[in-house]
Amino acid sequence: MKITRRGFLTMSGAVGSGLALSSLGIDLRPLRAYADELNKMNRIKSAKQVITTCCYCSVGCGLVCSVDKATGKIFNIEGDADHPISEGSLCAKGAGFFDLTEANKHRLTKVLYRKPYGTEWEEKDWEFAISRIARLVKDTRDKGFVTRNSKGELVNRCETIGHYGSSNVDNEECWVMSVRSRALGLVYIDHQARV
Amino acid sequence: MTNHYCDLKNADVILIMGSNAAEHHPIAFKWILRAKEKGATIIHVDPRYTRTSARCDFHVPLRSGTDIAFLGGMIHYILTHRKYFKDYVVNYTNASFIVSKDFYFKDGLFSGYDQAKRKYSKDTWVLEKDGKGIPKRDMTLTNPRSVFQMLKKHYSRYTLDKVSSITGVSKENLLKVYEIYASTGVPGKAGTECYALGWTHHTTGSQNIRSMSIIQLLLGNMGIAGGGINALRGEPNVQGSTDHCILYGNLPGYLKMPVASLDTLEKYLHKCTPVSKDPQSANYYSNYPKFFVSFLKSMWDNKATKENEFGYNWLPKLDDGKAYSTMHMFDAMYAGKVKGYFCVGADTAVSTPNSNKVRKAMENLDWLVGENIFNNETYEFWRGPGVDPKKIKTECFLLPASASMEKEGSQSNSGRWVQWKYKAAEAPGDAIPVGEIEIKIMAAIKKLYEKEGGPNAKAIVNLKWDYLDSKGRMNVLKISKQINGHFLKDTVVDEKGVKTLYKKGQTVPTFGMLKADGSTSGGNWIMAGSFGANGENKMMKRGKDDPTGLGLYPNWSFAWPVNRRIIYNRASCDINGKPYNPKRKLLEWTGDKWVGDVPDGPWPPMADKAKGKYPFIMKQDGVGSLFGPGMVEGPFPEHYEPLEGPLTKNPLSGQLINPTIEIFKSDMDKTANADAKFPYVCTTYSCTEHWCSGALTRWQAWLLEMQPELYVEIGEKLAQEKGIKNGSRVKVHSIRGQVECVAMVTKRFQPFTVEGKTVHQVGLPFNYGWLFPKDGGDSTNFLTPTVGDANTFCPEYKAFMVNVVKA
Amino acid sequence: MPEKGMIKITDGFERIVHWMLAGSCILLFITGLGMMYRELNFIGNLMGGLVALKYVHNFTGLLFIVSLVLATRMWWHEAGKFSMPEDLDWMMCAGGYLWHVEKVPEIGKYNPGQKMFFLTVVGCGALMGVTGLVMWFPVGLSMDLVRWMYPLHALGFVVLFAFFFVHLYLGTIGNPGTFMAMIDGWATKAWARKQHPKWLREMEESGKLEVYGEEKTEAASH
Amino acid sequence: MNTSELIKVIDTTRCTACRGCQVACKQWNELPGLRTKNWGSYQNPPDLEWNTWTLIRFQEYVNDKGTFKWMFRKDGCMHCTDAACVKVCPSGALYHTEYGTVGIKKNLCIGCKECIAACPFEVPRYNRATDKVSKCDLCLTRLQSNQQPACVKSCPTGALSIGGKDKMMKAAYDRVKELGGDASVYGDKFVGGTHVVYILSEKPEVYDKLPKSPSIPLSVIAWKDWLKPLSLIAGGGVVVGSLLHYILHGPKRPDEDVSGDKHAEGGK
């Protein structure tokens, strides 16, 4: 579900302090400010508004991403005033959510590979990475697989591969990782629940 | 959280202990302040005066690692001053149960301790049963072997003087907190507790929380609006990732990981399914086989059959009694046993204790796969400080991932609300969602096994793994429904005489319909009901109606289990189902049904001896456990000193440290208790402006600008003694490592008087690493020890010993 | 063009410095006023906007400071010091500007009025330079100090602006014959006799007087 | 009663210094974060900057009773009614908006920095790279679109709120009454009343960088109210005086040339 432009406007009316500007009898005069200053507000009005959830602490605050319909890029992110917990408010990290988008020049955008004893990363494609990783996983698993433990009990486990993470991905991704780890027989499985 | 964020507003007293809510959960703190506006008293107990303390009614400083002493003192106070909620304690807890005659406690140890194994045999930690197998009870609570009397006796040693001497809290402050908090032990008042890593990051972490659970049960605060025990968890989906159990010891839905001795499904189910002979105990976990078999079906679908025990033996099995947590993994990696490592959305080279050991351990890896949105110290360990890349054999992959707003899916908040989020934009460059990366890698592995075979290849080749759509992208909805569960054949369900036909392939609307015969699948039973039988995705719901006025918002997203917003909610009513506090009516029995929140089961209240059930339906005995034999340290929490502390003797017993913690023994696992070279108690924490290891937030200029580099907070008195000026550079050492950082001299750390001596405490954030920013300092975890809670292996980040010197 | 018999009052360097000072001053007035009065913001349009005007003002200010330093060095000897008692006498009768005076006391090349004007220009000019520079580069100074630069700058302006008009008047229609002295450097002897009799006499006696169309030496024998 | 006049109330007693506002401001106004150093305080950047229009100030304070307090104050433009910055701004870049707040038209700013010296709260900041001064405009375009300013919207605890003047002032005074002690409303008693008003728990003089009784600096008054007209009077006076002198006294002409020099009037 995507909230409408109207939704964005109504939701921002009554937030935080519980005071709606529109309810205060404010005279909405024609916009007289300068074009460059106006730009962002106008862009928001014509943008697609997409709801997401904050990716830091576990309060689960709602956020609204304003997406430029022409470029498909996010250009503004602020609180979702309809959200019953956050009511539009955000802390420092949430308020800076925009800096996690591709606007942040530090984002990883390429598959990187470092060969043994290499001193730098090399750019690779997905095909290389996935097939190579699959091969490494299989070789490592098969070599160190423990079918029976020292007592002779059937254990079918792989103690040579560890998996860590992540509490910072979606439920569906968590489940996929949890299940694939078990199918592989991994036992060193952990994530940030412990840190 | 037993309750949820909006519910914090319903409390009359909020004890924030083991949490710095204002800094780490600023929006949760909104609800705490809303309670305050309505007259609630907010108490902050923390070693350091923080932004939370600044907005509380008062702050009580406590020496790190002494929470059980503090809370034990409160239990003692509640019992001796008769502040407990008697009706609740008698009916809804095991206070009236009788403890086995063989059980004892002596000088810090419970019965059954094996010194060599550092483990207890729990054989004597049992409650007596009558001839029918129903627990014996003494409703007068006067039997000296009753749990109530045993509890009273156990905590009689936690006197004000003793507690004050251990914790460094003045007696006046202790009494102030005890009195105010204990005032909630009446029907009309609710007290809640907010904790976070300040409680879990200890060698006694689980018992810290259990101590509070005991208090909440004594005061009748469990299961009520404005009550409960609320873990303010630290990551966006740590609730979900825990629910799906990316954890060595559990399978999705907290099902138990099979161990080697349980070689058949039958044995496993027998062991894991609790039995109660008490007809009034719902003992909901008697349904365990349904959840477990449905999970196996979700993994292997039609390849899992009754004949092959639904694939039970394809699952890996742990050795009995052995743990495989992060610390164990790095210990094994350090010993050269772990050769390959997937590090997904994490920065373990910064976040794991004893970073020197962790970074050294990684040098033994053959390969490393990183998946993240930013680079970090873990992925670049091969060229970290003091590491020569030309000597590191590890083959490394760093795979670009989509950020949160670049993918669709659900996240579970700490209040168990599973909220759907939408994709706002494409990820930059080649980045794709982590789930998609994992699906593709596993699909490639599966192909290899189909072609080449290998040990236990069936587990892989039979795996249901069709989660990419026609365009080769992750099919989120399909996975989500797989988690919810399906009917695998046409099924007629009889609900109170109404028969409904569910067709094969329909989503299961509630876990009550899961089956142990293989006719249903359920990737995670607690998530059953996140979809309606008609396929409606309830996680997307955005209804704002609040019929109870308590802020439950039943139509906003989906809360597990079965959209219940406050768990154990039947305990908010008396035995006849009438709310204890009519002003905050969470639930009420109207004679034929419950009205309010989704009740903990449909049965009548327990006064109905025929059909009625006890309120704590997930407990074997149906009541809250004051006596809790599930813990490895003992049924009653006991104060032990941290592995590293300022004392040579535990003031309460002859047992200095937690007798059941695992001691890691590698050459890099050094400790220094009460060592003059490391005289100051140190604790670590985060700050509002950064998140966890800082691996996401350090790359963000707005946030980095506010907290640009590593610092150590030092009290004015200690700074004066050491000649350290505010803003100057200092080195902080532990026996394991050191960090250099800026000294922040503050009035917010005050020395403690412990056992008559002055003990200084300092603290550092753990948000920095060498990779970025270059001049921001490195990981605080160079200082921390490899040791953790004996139940969960949550590392001890909160109490250890250091020295501070001018740089 | 000068005519025969006119005498050299100023040399080329003097005139260049004078006009640098005068020009920068006028430009500073105009640009300053353009900023001081929002009604006069349009002046900025002539220069390509108010920002440009600001820079014209700031850099003209630098030119002004240079000119002022040169002028001070050049004129300090003749105009920076009062010579008693004649300057006092001159002042007693206000140089004959305000009421009719039969015989204005004889004074040197610059009368005390001009000297006062000069000193005021030097003083206020320095004030304008210093305050202007602080306003331009306020970094590192206490805000209380910076704050007072503005009224001081305005005060200097008030004085200079007023003096400017006095000077303009006296240098043109108020004292006929003066203006050309700053254009080509020549004035009539009569003008010099009226304005600076003592200087004229001294110059004539020392034989330093330069008369248009005459050899210098001739003047000595005159 | 002027209903269109807006007041933003900063209730320091509710602020948790989460700094959501500080970042929300930067996000909305697209202001960059710059590299800073830890200078022994959480407060960073240490002061308002051209890229930091709102800043949470952290202050450790022990009152006369010996009670320790950690005080947080959100600093930023106070949006004065008698705004010194508007008064001194030569270009009209700074102006009063329809809400009574002080807006800034970036394109008109000429970077003269006069407002910097004039502001009694030391709010406007200069960016050398752009040669412009910047400050909070209370998210004017948001107000004009019926949205709360970014800071107010982000505030979790209700420490920030905005609304019509009368209602907000009443709420502020009610809150102060509820708080008691040294609590006070700060903002309505000077510079014609500010459009950002604090609820302070301590006496104003206790707070870092908060003037006890701010006013338009005397220097600004001396300059704009006295010297500016005086310059006209002086300039005009001299012109008129000169004319009068010319008319009444006449120019100082050289005497008839007794030596036979050619009569000349140097000037043409």
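Lettered A, B, C and D in written order, each chain numbered from 1.
Keep this in mind: a residue touches a chain if its C-beta (ideal position, glycine included) is under 8 Å from a C-beta of that chain, and two chains touch if they have at least 3 such contacts.
On a predicted model such as this, the values are computed, not experimentally measured, just so you know.
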If a chain touches chain C and chain D alike, it appears here: none
Of B-D and A-B, whichever chain pair has more C-beta contact pairs: A-B
Furthest chain, CA centroid comparison against chain C: B
Centre-most chain, if every chain is reduced to its averaged C-alpha atoms: A
Separation of mean Cα positions, chain D and chain B [Å, integer]: 50
Centroid spacing, where centroids are CA-atom means, of chain A and chain C in whole angstrom: 72
Euclidean distance of C-alpha centroids - chain A vs chain B, Å: 22
Centre-to-centre distance between chain D and chain A (centres being mean Cα positions), rounded to whole Å: 40
Sequence positions of chain B contacting 2 or more other chains: 26-27, 30, 688-689, 700-703, 706
Chain A, residues touching no fewer than two other chains: 77, 86, 89-94, 96-97, 99
Of all residues in chain D, the ones touching two or more other chains: 18-20, 22-23, 26-27, 156-158
Touch relationships between chains, expressed as pairs: A-B, A-D, B-D, C-D
Touching residues on chain A, where the partner in the complex is chain B: 1-2, 50-63, 65, 67, 72-74, 77, 82, 84-87, 89-94, 96-97, 99-102, 104, 106-119, 121, 125-126, 129-138, 140-142, 144-145, 147, 149, 151, 153-195
Chain D residues touching chain C - in the complex, by the definition given at the top: 88, 90-92, 108, 110-114, 116-118, 122, 131, 217, 219-220, 222-223, 226-228, 230-231, 234-235, 237-239, 241-242, 245-246, 249, 251-257, 259, 261-268
Residues of chain A touching chain D in the complex: 9, 12-13, 15-19, 21-22, 24-29, 31-34, 36-38, 40-41, 45, 76-79, 81, 86, 88-99
Residues of chain B touching chain D in the complex: 22-23, 26-27, 29-30, 33, 49, 51-55, 687-689, 700-711, 726-728, 742-748, 773
Partner chain A, residues of chain D touching it in the complex: 3-4, 6, 18-24, 26-28, 30, 98-99, 103, 105-107, 140-148, 150, 152-158, 160-164, 167
